[in-house]
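Naming follows writing order (A, B, C and D), and every chain is counted from residue 1.
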Amino acid sequence: MANFKGHALPGSFFLIVGLWWSVKHPLKYFYQKEKSNQLTHHYQRLEIIEAAIRTLFSVIGILAEQFVPDGPHLHLYHEDHWVKLMNWQHSTMYLFFAVSGIVDMLTYLITHVPLGLDRLVMALAAFNEGFLFYYHVHNRPPLDQHIHSLLLCAVFGGALGLAVEVVLRDNIVLELFRTSLLLLQGTWFWQIGFVLFPPFGGPEWDQNNHDNIMFVTMCFCWHYLAALCIVAASYSLVYCFLTQVKRREDREVIGIQKLRSDHTYRKALLSGSDEE
Amino acid sequence: MANFKGHALPGSFFLIVGLWWSVKHPLKYFYQKEKSNQLTHHYQRLEIIEAAIRTLFSVIGILAEQFVPDGPHLHLYHEDHWVKLMNWQHSTMYLFFAVSGIVDMLTYLITHVPLGLDRLVMALAAFNEGFLFYYHVHNRPPLDQHIHSLLLCAVFGGALGLAVEVVLRDNIVLELFRTSLLLLQGTWFWQIGFVLFPPFGGPEWDQNNHDNIMFVTMCFCWHYLAALCIVAASYSLVYCFLTQVKRREDREVIGIQKLRSDHTYRKALLSGSDEE
Amino acid sequence: MANFKGHALPGSFFLIVGLWWSVKHPLKYFYQKEKSNQLTHHYQRLEIIEAAIRTLFSVIGILAEQFVPDGPHLHLYHEDHWVKLMNWQHSTMYLFFAVSGIVDMLTYLITHVPLGLDRLVMALAAFNEGFLFYYHVHNRPPLDQHIHSLLLCAVFGGALGLAVEVVLRDNIVLELFRTSLLLLQGTWFWQIGFVLFPPFGGPEWDQNNHDNIMFVTMCFCWHYLAALCIVAASYSLVYCFLTQVKRREDREVIGIQKLRSDHTYRKALLSGSDEE
Amino acid sequence: MANFKGHALPGSFFLIVGLWWSVKHPLKYFYQKEKSNQLTHHYQRLEIIEAAIRTLFSVIGILAEQFVPDGPHLHLYHEDHWVKLMNWQHSTMYLFFAVSGIVDMLTYLITHVPLGLDRLVMALAAFNEGFLFYYHVHNRPPLDQHIHSLLLCAVFGGALGLAVEVVLRDNIVLELFRTSLLLLQGTWFWQIGFVLFPPFGGPEWDQNNHDNIMFVTMCFCWHYLAALCIVAASYSLVYCFLTQVKRREDREVIGIQKLRSDHTYRKALLSGSDEE
């Protein structure tokens, strides 16, 4: 889908998941600190729902790539040439993410699936995305090639982080790192769309201008900085929210205790007068 | 052995070992969970037999490479030129796998061989295979070079996983990862055979067509997905099999206990009537 | 800032931080060994001050890059071309170091920021510097390109070390390694200045002479050796200083105890005479 | 020193150290297993002597490179060109190994030097060797370049293994791995000498023949196999030797006990007769 929408759609998808992760992981971290076991059950249900939604979106992605008007409609080889290999490659990427979603669900649903497998398959899905992209962008104009290859930094960085998480599970630093790279991927897809297919009909970018390549490289760093800021903001908001919730609960508990102690006091008075 | 058989044979070998591993590792994992120490002895014998078979196959591979009609017959240098270097390189690959098999046997047979050495030597054998392949495929047509270099992903990935296993031994996730890469290698060897030497006399693939290269890249991902599915299926089958075996054993135990308790009951009745 | 000062300034900055670290880390290490908890508070204040200074310097760097006479003055795009992208890229590098400084401060000031995040962001700042440099030096004469790319060894090596520190925090060997690489970066910036922009008006270096490139490579090794020597010297000096301080304290303690015991002795004598 | 001796000398040096390590590490491993603390002192002295010898050899290497008849005699720059940069680069390599030797000595002599620093500096020395070699072999004929670049596998592999040892100290598998790579380096230096400077006046190798390059690649694998065999043989010999020593000691202990018990018996008899 070599147009603006074809980049905005996966970008939005990655952005939404990234934003959700930037809320989910701090939440889990703060609850784990307080060792509230009662929430583990709710948390697992949350993970299963998230994995199901990710699987669903991936399947929608596959169907979209196959059945858009100019898609391959599941035809792979026709009259001595391959049909719409680009769409097939995108379908393959989505397929791996769907498998990753299914394995995530299974890890939480079935107890005999070993922990860490979900992270391994997610790492493989990310690696696979990068692998296909790497061969995807050969033989293109310099700027196009460069702007896509920058994406590989985010993708392979994420795959590496996920592979480490197989061994170091539930490490908040690694989780925030992964979240920031996912957000970067999301915003960068939008950026690619804006650069290669200007949606508002602006002038096209000169594909061979070295200054453009230098700006795009720097712009990638800014995107990452923005991603880090989003993660930091989410983390702070979750912390403030949890602190407020706790304070209110404490106040209510104190209120109830006060009511109770008043009651006890009156009772004691009454029984005291009775005894008199 | 630049023909279909020359790729199908190692492919089958890797496939068989991969399938066996996809059964062995889940079995070990479930038994370890139940901490049944009595099975450790049987398991070690199994490992020794596997290593012996692997060594045997590697030796057969060396002999085949050397003594096929157009092989070098152990001649290395003859009349100012090297004799059949391809066959010699394949022999070298098999030699490392043979050494790895021997070290595996020794690790289980002799107690003073440090654990982890078997994984290190296996990682070296895999690295060696990739290393030779890397220099093997220079100066070939693009498709031939690409389809072989994809193999390197599986080989070096496996070597890396094995190197991590030196430190993190008996980690089921790493073992399943290694198994899936071995299966990938097996099926990919077959794929190479089908692409480069069509066995059923179909038309040859255009070696310089970029679309062919793109399809082959994507096809590699599908092969890996298939390998992951095989591993998942094996894992589930082993689990179901073990659960059923356990249930039957439990039933038998209950049956025996019932028989015994009936017997005791009757005895109690009899002795009761005696006492009367 | 493609002149001598433009390389001497960041070089001096890195050198100063490196020298400070070569004192700070041994100090922390020796205090941790003695488990003197009372110093933890002072140490944290020190870390916060250091991070604040680092942030300040980075902000000064950004302002300098933007508002030097031939700087971009915050203009990015003007009349169909990018304005002073070099300065913008340097600003971006400083920006990441400023963010790293802020995260360092937050980690020590706010208890709910997870440990390790400071190291991750510092690793990202280093990686970002290397990343921008990598694309920075394309299309330059061989010696210029080579002398800058050597810098990447120090930068990426430092980023890798910092990434390992996320998991292995407070490992003195990793900290000294990072310190030595920072010193190397500092001295190498000076070296680049001397080679590319001879400050004393000497003859220019031949950019295409292979011997020059070979010498520069070797010179880089010497710089690292010098950096290792500086770290070793600092480490020894800190050790000697702490040993002397301890000895003096011990002597004073002994002195006080002696005074006290003298006093007690006299008192005892007096009270003895009283009793008499 | 671009001649046969110039490759045979460092090769012999690496071989000797490798052979010594292949004895030292198994010895340490078996003694650690028996937890004989009394030997720790002897072992530390051994390490210090080894490090001293390594330092000495490195210094001799530096002096040889500088003061051979066609050496630079400590002149670096003379009449607008660099003097004998090859020799200077080799001196630099030796210098790092000398520093590594000194740090090894210090680690065992002075208690406040942190453990792991010796491995880090040794890893840096190995990395430095590879780093200089990498830029060393540019602009040479293909075979020359290839045969030297194969060396880099052994050098960087060793540096990586040593870097892991910083964290995982005293891991026998890593130590044997490092030993095998050192032996490989030793034998490969000899091989380079034989290929590039045939000592017995044979015909020169065709530098551009692809078959030669393929053979050399395979030959490198054989060298590594030989190195693995040497390590395995050393390990077994050390084990057999220690077992025999132990058996003899046990026999002597039994003999002494027998003598003693005989003596006691006779004494008992005598005292018995006395008592009679």
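Just so it is clear, a residue touches a chain if its C-beta (ideal position, glycine included) is under 8 Å from a C-beta of that chain, and two chains touch if they have at least 3 such contacts.
Given the structure is predicted, the values throughout are model-derived calculations rather than measurements.
Across the assembly, the mean Cα position most removed from that of chain D is the one of A. One finds 34 Å separating the Cα centroids of chain B and chain D. Per-chain CA centroids place chain B at a distance of 49 Å from chain C.
With chains as nodes and touching pairs as edges, the resulting graph is a single ring in which every chain has exactly two contacts. Of all the residues in chain A, the ones that touch chain B in their complex are 81-82, 85, 88-89, 92, 95-96, 99, 112, 114, 116-117, 120-121, 124, 128, 131-132, 135-136, 138-139, 166-167. Taken together, the chain A residues at the contact with chain C in this complex read 29-30, 153, 168, 171-174, 176-177, 210-215, 217-218, 221-222, 224-225, 228, 239.
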